[in-house]
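Shared chain: subunit A. Partners: subunit B in the first complex, subunit C in the second.
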Partner chain A sequence: MNLRRIFAIAFKETLQVWRDPRSLAIALLMPLMQMALLGYGVSLDIKRVPLCIHDEENSQTSRELVQRFVASHWFAVAHTLGADRAVSDAMDRARCVGAVTIPVDFSRHLAMTGAASVQTIFDATDANSTNIAIGYAQGVIGQTTADFQADWAAARGLPTQKAGKVDLQTRVWFNEGLDSRNFIIPGVVAVILGLVGAQLTSLTISREWERGTMEQLVSTPVTALELMLGKLAPYFLIGLVDAAFCLSVTAFWFHVPFRGSLGTLMFTTALFTLVVLGIGYLVSVRVRSQLGASQIAVTLTLVPISLLSGYTFPIDQMPAPIRAVTLIVHARYYITILRSIFLKGSTLGELAVPILALALYAAIIMWLAASGFRKRLD
Partner chain B sequence: MFDRLHAMLIKELLELRRDRWAMFRLLVPMFIQVLVFGYAATFTVNSVDTAVLDLDHSQASRTLVSHFVATGRFHIIDRAATQREITQDLDAGRATVAIVIHAGFGQYLNSGRTAPLQVSVDGTNSNTALIALGYVNQIVAQFQSEETAAVWPARIMSASPSIAAALQERPWFNAGLEDRWFFIPGVIGTLTLIQVVSLTALAIVREREVGTLEQIMVSPIKPIEFILGKAVPFFLIGLGEVLLITVFGVLWFHIPFVGSPLVMLLGSSLFLMAALGLGLLLSTLARTQQQAFALNFFLVNPLFILSGFAFPIAAMPRVLQWFTLINPLRYFLVVIRAEFLKGVGVGALWTDLSALALLATGMLGISVLRFRKSLD
Partner chain C sequence: MTDVQAAVLAQGLTKKFGNFMAVDHLDLRIAKGEVVGFIGPNGAGKSTTIRMLCGLLRPTEGCAAVAGYDVARQPEAVRAHIGYMSQKFSLYADLTVGENLRFFSGLYRVPRREIEMRVRAAVAMAGLDGRDNALVSTLAGGWKQRLALGCAILHRPPVLFLDEPTSGVEPEARRKFWDLIHHLASEGVTILVSTHYMDEAEYCNRIALINSGKIVAIGSPGEMRQRDLGGTLYELECSALGAALVALRQVPGVIDASIFGDRLHVLLERTAAAADLSALLAGHGITTGPPQPIPPTLEDVFVQLVSKPRARAAA
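For the complex of A and B:
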C-alpha cells in the first residue's frame, strides 16, 4: 500500500466531484431538503380524527355524550348526520373516519338497566390509525360513564366508590410525551445517510467503465485497495458533512432530546458512513453499467433501510424469518444506536453489541469490495 | 408517423431484450418488496416484552399477571425481585413494559380501598407504547370488573349498580384490522412510481450521455415520436407491475379486491402518465446518469413519505398537507385502497380521479415542452 497513490486517487476523485457542481450540490442539499420535509412528514400522532355523529335520540344525556366527543381534542366532529345511509355514504367518500351512532333509546336504556351501548363504525382501511382511534373513543366513553355513574350516585345520596379500585399509574420512559417524532426522526437520519451514501459511491467505478477511462486506470500502478481507499476518501468527507448536518437538525430544529455523549455519536456515525459508502462501492465494482448499478443500489438500500431497520415498523413484531433477515440490515444497528444515544443517553459500553455488529459489517464489506476489483479489462 | 414510432418501439424493445439483466432487475426487487411489505410492515403490537415485579404475592396479584399473559399481547421475560432489576430491564431495552405490583395490593383491593398499580412503558417507539398502554387500560378495567363482581356480588347489585355506556366498535372495510390490507395495495403505487420514474429518467439520460441521442435527433424522427417511443414501453411495464402485484396480493396474501378492475385501470393509467411525466422532467434536469439517479432519490423519497402511504396526511403540518395536493401518489393510493377494500365506484372517487388526470396532463405537458427545448 502506497500512501502517495491513495492520495493521488483521492485528489483525482475530489477534483472530479468539485468540477461537477451539480452533483456536489445534490449531495449536500439533498439531505437538507429531505430532513426538512421528512422531519415534518413522518408523524404517526393521530389527533383530531374526523368523526361523524348520528344522534338518533337527541336527549339531554345523548347531547352530553356528543359534547364529550367534541370537547376531547382527539376527535374533530365533522358532521352530524341524519340517517344510516348518510353514514355509509360519508365513509365511502372518506369525509369521516369514524361514525358514532347513539341509539334512539339510549338514555331510557341507561336509566332502566344501567347499561346502554353506543355504536361506532370506523373506516379501518388504515388499521393502525383505527386501533389508536378506538382507544381514544373508549377513553371518552369510559370517562363519560364514570361521570354518569357519579351523577347517578350523587342524585341518590350514595357514596360513589364502594368497591375496591385499581389505581393504574402509568409512566412513560425515555419519550415522556409519546411524541412519534422523537422516535422516527433518528430513523430518518439513518435512512437519508444510507441512501445518500450509497448513491454517492455506487457509480464511481461503473462510470469509469462506461466512459472508457477504466483502461487508463488499469494501466496505472494503483492496487485495488489503494483505489478503494482513494475513491472513498472524498465521499467519506461529504458523508460526514451530511451526517453532521442531519444530526444537528434533529437536535436543534426538531428538539429531539439529546442525552448521550457527542463522542459516541461521532464515532458510531463515522462507522455507519463507512459501511454505507462501502456498500455503494461494492455495487459499483460488481456492476459495469451505471443504470444497473443505480438500480441495484436502490434495491439494496431503499427497501431494507426503510422497512427492515425498525425505522417505522418494530422489528420484534416481524415473523421470525424476516427478523433473521434484519440482522444483515446495517441501518438496523445504527438506528438502535441513534435512538439509544438520543433518548436514553446510552454509553459506548451499553452499545457494544450494535457497534461491534457495525464494525464487523464494515470489515466484511471493505474486504469484499477490495477483493472484488480486478485490474482486468474483460 | 406510425412507421417511425414503430421503428422507435422496436429499438426500445430490442434494447430491453438484449439487456439480460433488465427483467431480473425489474422483477426481483418487486417481489422482494411485496413480500417484505406483506410480512414486515406491521404496526401490530403482540407479545410485548414485559418485566413483572410482584411484591405482593397475593392471589389478586397473580390473577392480574395472568390476565396480562392470557391476552397474548404481553410476553413476560423477567419476573424481577427488585426495583433495580426492573429499571435495568427498561434501560437495556430488554423489556418494553414493566409492571410493578406493590405489597398490599390484594389486601387493599379486598378491603375496598384503592390499590395502586404501577406500569412503566418504554416510549422510545411511541406508537407501540401508545397501543400497549391502551391494552394495559383494557386489561386492568377487565380485571377490576371481574374482581369487584367476585368479591362483592351482593353489595354491587344492591347499593351501586354500575352505569355503563359500552362502546361497540365495528371496523368497516378491514374488520380484522390487518395492516397488510393497508400496505400491500399501497405498495402498488409506491413501487410503480419508483420504478417508472427512474427507468424513464435514466433511459433518456443514458442516450444523451452515451451520445446516441444525437444520432436519433439527426434521423427524421420527431421529438414527440421519440417521447412516445420511450414512454409506451415504460407505460406497459408499469401496467404489468400493477397487475402482477394485484394478483400476487390477492392470491398470496388474500387481500380482498372488492372493487372494479376498470376503475383501477383508469386510476393506474392516469397515475402512470403522471409518473412518466415526472421521469421525463427529471431527464431534462440531469446531464449525467449520476445526477438523474440522485435527483430520482431526491424526488421519490418525499413523494413516498408525503403520500399517506405509511404516515397519515392528517398528522402532518398544514404546509406539508398542501404539498401532498400536488403528489399524484396521494390520489392514486386513495383510489387503489378504495378499490381493494371499499369497492366504491367512480362517483365517490371523482375528486381523486380528476386530480390525477389534472396532474397527469400538467406533468406530461410541462415535461414534453421542456424536453423539446432541451433537444434544440
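For the complex of A and C:
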C-alpha cells in the first residue's frame, strides 16, 4: 500500500466531485431536504385529536365535563352532535376520530349514586393512534370523575380519601416529556446518512467504467485497496460534514436534548459513515453502470433502514425471524447509539456492543469491496 | 520464457469469449527497441492481444512475458514497466492537462523532484505549452492523443502498447504522433502499436498482420512487399472502375482485382496474358490504358493475405 497513490486518487476524486454539480447537490442538498421532510413529517405523538361531543343533558355538571375535554390539549373538540347517525356520519367524513355522548340522566345519576356512565366511540382504523387517544380520554374522564367524587363526598361530610388506596406514581426517564420527536429525530439522522452515503460512493467506480477511464486506471500499478481508500477519503469528509449538519439540526433546531459527549458522538458517527460509504462502494465495484449502481444502492439501503432499523417500528415487537434479519441492518446499531448518546448520555463503554457490531460491519464491507475489485476488463 | 532479449514474448496466446475465438494461439516476439505495427481488419484480435499483454485480460490459454515479467503471474510488475494507450481516449475529461499528468505521476510514483520536469516535458511533447490549465474536454483529437501518450510514458516505461492511437486524428497530427513514437524508439523504448492506416505501417521496423486472431504474416515493410502473391500484379487505368471490377472478377486467370484510387490493381496468374485484359474490358464498353506490371504495395499484400483464408473458406 502506497500513501502517494492513495493521495493522488483522493485528490483527483475531490476535483471531480467539486466540478460535478450533480454529485455536490446530492452530497449537500439532499440531507438538508430530507432532514426538513422527515424531521417535521414524522411524529408518533397524538395531539389535538378531533373529537365530537354530544351533550344530551346540557346541565352545569355535563358542561363541566365538556369543558375538561376542551381544555385538554390532546383533543380538539370539533362538533357537538345530535343523534347516533350523526356520529357515524362525522366519522365517515373523517371530521372526528372519537365521539363522546353524555346521557340525559348524567348529573342525576351522579348525584344519587356517586357514579355515572359516559359513552365514547372511537374510529380504530389507525389502531395505534386510537389506543393512545382512548388513553387520553380515560385520563380526562378519570380526573373529572375524581373531582366530582370529591365534591360529592365533601357535600355529604364524608372523608375524601378512602383507606387503602394505592396511588401509582409514574416517572419517565430520558424522555421526560414522552415526546416522540426526541426518539425519532436521531433515527432520521441515521436514515439520511445511510441513504446519502451509499448514494455518494455507489457512482464512483461505475462512473470510471462508463466514461472509459477505468481502462487507463487498471493499466497502472495501483492496487484495489489503494483505489478504495483514495476514493473513499473525500466522500468520508463529505459524509462527516453531512453528519455534523444533521446532528446540529437535531440538537439546535429540533431541541433533542444532548446529554452525551461530543467525542463519543464523533467517533461512532465516523464509524457509521465508513460502513455506509463502504456499502455504496461495494455496489459500485459490482455494477458497471451508474444508473444500475445507484438504484441498487437505494434499494439495498432504503427499505432495510426505514423499516428494519428500529427507526419507527420497535425491533423487539417484531417476529423472531424478522428480528434476526435486523441484525444485519447497520443503521439499527447507529440508531441505538445515537438515541443513547443524545437521551441517556451513554459512554463508549456502555455502547461497546453496538460499536463493535459497527466496527465488524465496516471491516467485512471493506474487505468485500477491496477484494471484489478486479483489475481486469473481463 | 527465458528469452531475456525479448521485450514482448507471447507463446500460444489464446482468448476465447464464449465460443468466439478472439485470439487463436498467437506467437509473437518483439526485441528490445523495436517498433512493431499491428495491422489487421476490425475484430481481428489486435486490441484483445494488446490487452492480454498489458494484463487487462486473462489469457484463456498460452502465456506471455512483457519486460521479462509473466503477464499472468506478475501482472503488477508488468504494469509498472509498461505504458498503455487504450483505443478509446481514457484520460479524465473533467480534469485539466496538468491535473491528469500529476495524477498519473502519483499513480506511477514518479520521483517527487522529477514530477515537474516530466510534466513540463509531456506538456511540451503534446504541444500544449501554456495550456496546463485547460480542461481536457476542450482539447481537439490530436492534442488529446499526444497528451495520452505523455501520460503513458511519465514513468519512463521500457515497453509501450498503443492501441490505434491515431484513429480519428487528422493527417498532420498523425505525422506528429509518429515523430514522437520514433523519438521514443530512438531512446530504446519497445513499442507495439496497432493501426489500420497502411501508410503508418511503413513507419514500423516490423509489421505483424493479424487476421481472425492469428498472425498471418510478419516482417519488415520491405520483406512484406516482396512476398509472393501467387501471381503478377498489374496496374490498369480505365474509365468505369466499378463496372470493370465486376467484369474482371468473372475472368478466368484473374486471382483478385481491387480499386486503388483512380486505377485498378489486378492480380493475374503467371500463365495468363495481361494484354487480353484491355480487349476483354473493351467488350464491356470500358476503355483502358495498357496494363503495367508493378511491384506490390503493402496494401496489395495485406488485401491478398487477408482475403486468402476467406476465399478458401468459401471454396
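Things worth noting here:
Please note the rule applied: the second predicted complex is superposed on the first by the 358 of 378 C-alpha atoms of A that agree within 3 Å, B and C clash if a C-alpha of one lies under 4 Å from a C-alpha of the other, contacts with A are read in each partner's own complex, and residues count from 1 in each chain.
Here, a contact is a pair of C-beta atoms (placed from the backbone, for glycine too) under 8 Å apart; a residue touches a chain by one contact, two chains touch by 3 or more.
In this text the structure is predicted, and so the values were computed from the model without any measurement.
When the two complexes are overlaid on subunit A, subunit B and subunit C sit side by side with no clash. Contacts of A:S284 after superposition on the shared chain: neither subunit B nor subunit C is touched. Of the two partner chains placed around the shared chain by superposition, subunit B is the only one that A:M91 touches, whereas subunit C remains out of contact.
When the two complexes are overlaid on their common chain A, residue A:E215 makes contact with subunit C while staying clear of subunit B.
In the superposition on chain A, A:S72 makes contact with neither subunit B nor subunit C.
When the shared chain is aligned, subunit C comes close enough to touch A:Q16, but subunit B does not. Contacts of A:T269 after superposition: neither subunit B nor subunit C is touched. Touch criterion met: A:A127 reaches subunit B, while subunit C stays clear of it.
By the touch criterion stated above, A:S340 is placed in contact with subunit B alone, subunit C being left untouched. Residue contacts after overlaying the shared chain place A:S309 against neither subunit B nor subunit C. Among subunit B and subunit C, the chain that touches a larger number of residues in subunit A is B.
The minimum CA-CA separation between subunit B and subunit C in the overlaid arrangement is 14 Å, rounded to the whole angstrom. Overlap of the subunit B and subunit C interfaces on subunit A comprises residues 20. Of all residues in subunit A, those touching subunit B in their complex are 20, 22-23, 26-27, 30, 33-34, 37-38, 40-50, 65, 91-94, 106, 110, 114-132, 134-135, 137-139, 141-142, 144-145, 148-149, 152-153, 158, 160-180, 182-183, 191, 195-196, 199, 202-203, 207, 210, 290-292, 294-296, 298-299, 302-303, 307-308, 312-314, 316-319, 321-322, 326, 336, 339-340, 343-344, 350. Residues 17, 51, 54-58, 75-76, 79-80, 82, 84, 86, 88-95, 99, 102-109, 148, 151 of subunit C touch subunit A in their complex.
Put simply, subunit A touches subunit C in their complex at residues 2, 4-5, 7-9, 11-12, 15-16, 19-20, 211-223, 375-378. Of all the residues in subunit B, the ones that touch subunit A in their complex are 21, 25, 28-29, 32-33, 36-37, 39-46, 49, 90-93, 108-131, 133-134, 136-138, 140-141, 143-144, 147-148, 151-152, 155-156, 159-175, 177-179, 181-182, 194, 198, 202-203, 206, 209-210, 286-291, 293-295, 297-298, 301-302, 305-306, 310-312, 314-317, 319-320, 323, 334, 337-338, 341-342, 344, 348.
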